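Input: structures, listed below.
Across the two complexes that follow, chain A remains constant while its partner is chain B and subsequently chain C.
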Partner chain A sequence: MATVIIPTPLRKFTNQTAKLNVDAHTVGEVIEKITLDYPELKKHLLDSQGAVRSFVNIFSGDDDIRDLEKEKTSVDHSTIISIVPAIAGGLH
Partner chain B sequence: MTTSDIHFSKEELARYNRHIIIPEFGEEAQLKLKAAKVLIIGSGGLGSPALLYLTAAGVGTIGIVDFDVVDDSNLQRQVLFDIHEIGKAKVEAAKRRLEALNPHVQFVLHNTHLNSTNALDIIQNYDVVADGTDNFPTRYLVNDATLLLDKPNVYGSIFQFEGQVSVFNYVNSQGERGPNYRDLYPTPPPPGLVPSCAEGGVLGVLPGIIGSLQALEVIKVITGIGEPLSGRFYTFDALNFESRTFHIKRRDDNPVNGKNPTIHKLIDYEQFCGMRAIEEKPVKEITARELYDWQVKGTPFKLIDVREPSEYKIVEIGGELIPPSTVLDRAEDIPRDIPVVLHCKAGTRSLKAIRELEEKFGFKNLYNLKGGILAYIDQVQPALTRY
Partner chain C sequence: MSACRRGEYSYIAIHKRNNYKGPDSGALFIFNMFYQNTKSIAFPGVKEKLASLQARIGNTPLISFPNIFRKDQVMVYAKQEWKQLSGSVKARAAFAIVRDALERGQLHPGKILLDATSGNTGIAYAHIGKFLGIPMTLCLPENASAERIEILRSLDVKLILTSRFEGTDGAQETARALAENKPDQYFYADQYKNENNWKAHYEGTGVEILRQLPGITHFVTGLGTTGSFIGTGRRLKKKDPAIRLISLQPDNPLHGMEGWKHLETAVVPQIYDPWLADENLEISTEEAYEMIKTVHDKEGLILSPSSAANLVGALRVASQIEKGIVVTLLPDNADKYGELIKKLLK
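Presenting the complex of A and B:
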């Protein structure tokens, strides 16, 4: 059971839920389950080939999964997965 | 300029006393601040607190890049400005406020839109850049320009309740260079997928927090005190009051400074961010003046306003309100036998709505009001409220 932190721009696709508990063994399974439960999340997280989009970062604990084993990175009950999309605001 | 050429007057020593008495800071760090040249890109939500604190702190030279003028809707968060500055150039208004705060600082104003033609010329004169811009093309432009010129880039970004901070392209005392924006986010989201703050909103206090953190990191980069936020990526969720600091690394496939760089000069960032491609897909447009002509001549047409109800309450020009999330559900109600003009605030949401209606329902009679209601106010009815 991993905990997934959903960023505010994507909470409109998770019924405003900020944290999801997901029963999974890898980051890939986590993503698969949350996009099954909340299909609207899918186009924001994954490209047409099913890979994590390059403007979305997924961190397992404090580390970018690209520096671990990407989608194969294992998770356990204490793992916190953070989804952090690019945002560009500031000036206006 | 080295710090040995710089001295403080008695007034400056008194002004900076609370810095100088910190043992880890001292007069030496204060001298480094005075010797430094910092460029703040964007004097809006993030730039306001960054400029105020860096001016107060005694950075010797501060450059400000902004092409905009002060607007009523800025004052909810852009604490650098007040009601007397509405309609005036932001860089000029900023300078007036900041000179009153600290007359020992030199300001250099760049009242221009930063682009691939001028970015290197402007940035090369500074030691550190703080990026507080509001769109992806400029983010990548600032990133690449600071890489090409070998300058550290203190990054801050906000959206609604979320803030992000990092220090990019920082070389530490061991000579190790940290990651940059392209290592963190190799490509931008396609246009339209992530709304801007102008469309998605931002809580006014949030840029105050994130812009202040940028000022903090600028001071650390200049003075060498502490551990700058290099190789780390800070995120703040104001709604739940949760912050996290992630580890980030350089990537071999970075096209500017990875193992096999393919970008050696600034590129077309609008195109890189996919905006040019969308602009080229033609949608029929009407200017505010042409719309006004139709109105006065009684030409049959329908006007649809695809903004949010909260925006409609501020100002409207007689269109039927159909909020963007309901446009496709209301397609049946949109006439096909007369021209239909769609408008939003500035033209982006109405463009998207027209594309979707044309694609999914085969409409051929839709026109986008160029520049949205803002253009209509500017060109036809200046007495209406801008926001």
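Presenting the complex of A and C:
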């Protein structure tokens, strides 16, 4: 059961819920489940190929999943997943 | 001379003193009008320093993109806004805000300028503040680029980094709370609410465009604080109501166009006028990133994401008309986006 922190601009699409608890083993499963539960999130997080949009950064704890195993990064009950916009050209 | 109000007299006097030849010298005229009316300003030498800064703001050159867009009777131009103080369009608003606060006595020794920013306005404030001796505290989302944070710190700005989950809305909230708690300590500039933001473009950018391209038919630019769109747009509409104003927004609340706001999900700036735009277009971050690559490959220029997004919007408008002159702004270049550019142009 990982916890996903939804950034303020996306809470409109999660009924203003800031944290979602998701039963999953990988980041990819987490994304799949939250976009099933909240379909409007999908176009904001994923491109037409189903990959995380290039300017959306997803963190597992303090680490960008692109520096780990991307969508295959494993999660457990203590994992905090964060969705962070890449403002100001920042990719970190 | 017939009786006139005080402002009208100084207007005429300054015209004579400056050998004023018409609206082309609008920026200088407007500065002089403010300058003459300046109240006592407490920072040492600040009047002279303001004049020196003013000379480095605005009057930015135009550029066209002949290798990307060619169409009979349709032209696309962009103002290179990085060719002024602090390297971005934000010099205009930041200077107007600081100057007005000094003139009104809202900013004086003992007060700290406070604002929220995603970067460029902060860098403009920092240049101005460093030169004038004004201390600065800025609230900035912690996920701003490393270059921005480094530049601001090098200019002695006290940074308060705010939640990466809340963008500039969170930075605004932090700045507002700080200003309310310590009103004697801070002058809260509030670029999202400060009328001098859009007025800087009404008195500067709009006048310059009319001077450079009197035949302009369309003005296209993205919405962030909305100051550049509102100020420039109002000036252009005043000159010719037929000029079409097209505002741009990101197609996504999570986007990569620094400084832009997705108004549907963001805190709408108080200076925004929803009735001004003739049309609003949505631009995706992917389109902007692709434009960065195209402009680099075909024109040898490296744009920032927001500049590239403005160009996407301008070219979309240009492709839909048969005749006209489309103008947009390039708010900054790629100097502060090293990490992103390295990834895009590898």
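Throughout what follows, the second predicted complex is superposed on the first by the 85 of 92 C-alpha atoms of A that agree within 3 Å, B and C clash if a C-alpha of one lies under 4 Å from a C-alpha of the other, contacts with A are read in each partner's own complex, and residues count from 1 in each chain.
Methods note: a contact is a pair of C-beta atoms (placed from the backbone, for glycine too) under 8 Å apart; a residue touches a chain by one contact, two chains touch by 3 or more.
On a predicted model such as this, the values are computed, not experimentally measured, just so you know.
Once the two complexes are overlaid on the shared chain, A:F55 sits against chain B and chain C alike. By the document's definition of touching, neither partner reaches A:N15: not chain B, not chain C. After overlaying the two complexes on the shared chain, residue contacts for A:D67 are found with chain B alone; chain C is out of touch. Contact with both chain B and chain C is seen for A:H44 once the two complexes are overlaid on the shared chain. In the superposed model, A:I83 makes contact with chain C only, not with chain B. Touching of chain A by both chain B and chain C, each in its own complex, is seen for residues 5, 7-9, 44, 53-55, 57, 82, 84-92. Those residues of chain C that touch chain A in the complex are listed here as 118-119, 141, 143-148, 164-170, 252-256, 258-259, 262, 264-266, 285-286, 289, 304-305, 336-337, 339-340, 343. Contact residues of chain A toward chain B in the complex are 5, 7-9, 18, 44, 53-55, 57, 59, 62-64, 66-67, 82, 84-92. Those residues of chain B that touch chain A in the shared complex are 42-47, 66, 68, 74, 131-136, 139, 156-162, 164, 184-189, 193-194, 196-198, 200, 202, 207, 210-211, 233, 235, 237, 239-240, 242, 244-249, 251. Those residues of chain A lying in contact with chain C across their complex are 5-10, 12, 43-45, 47, 53-57, 82-92.
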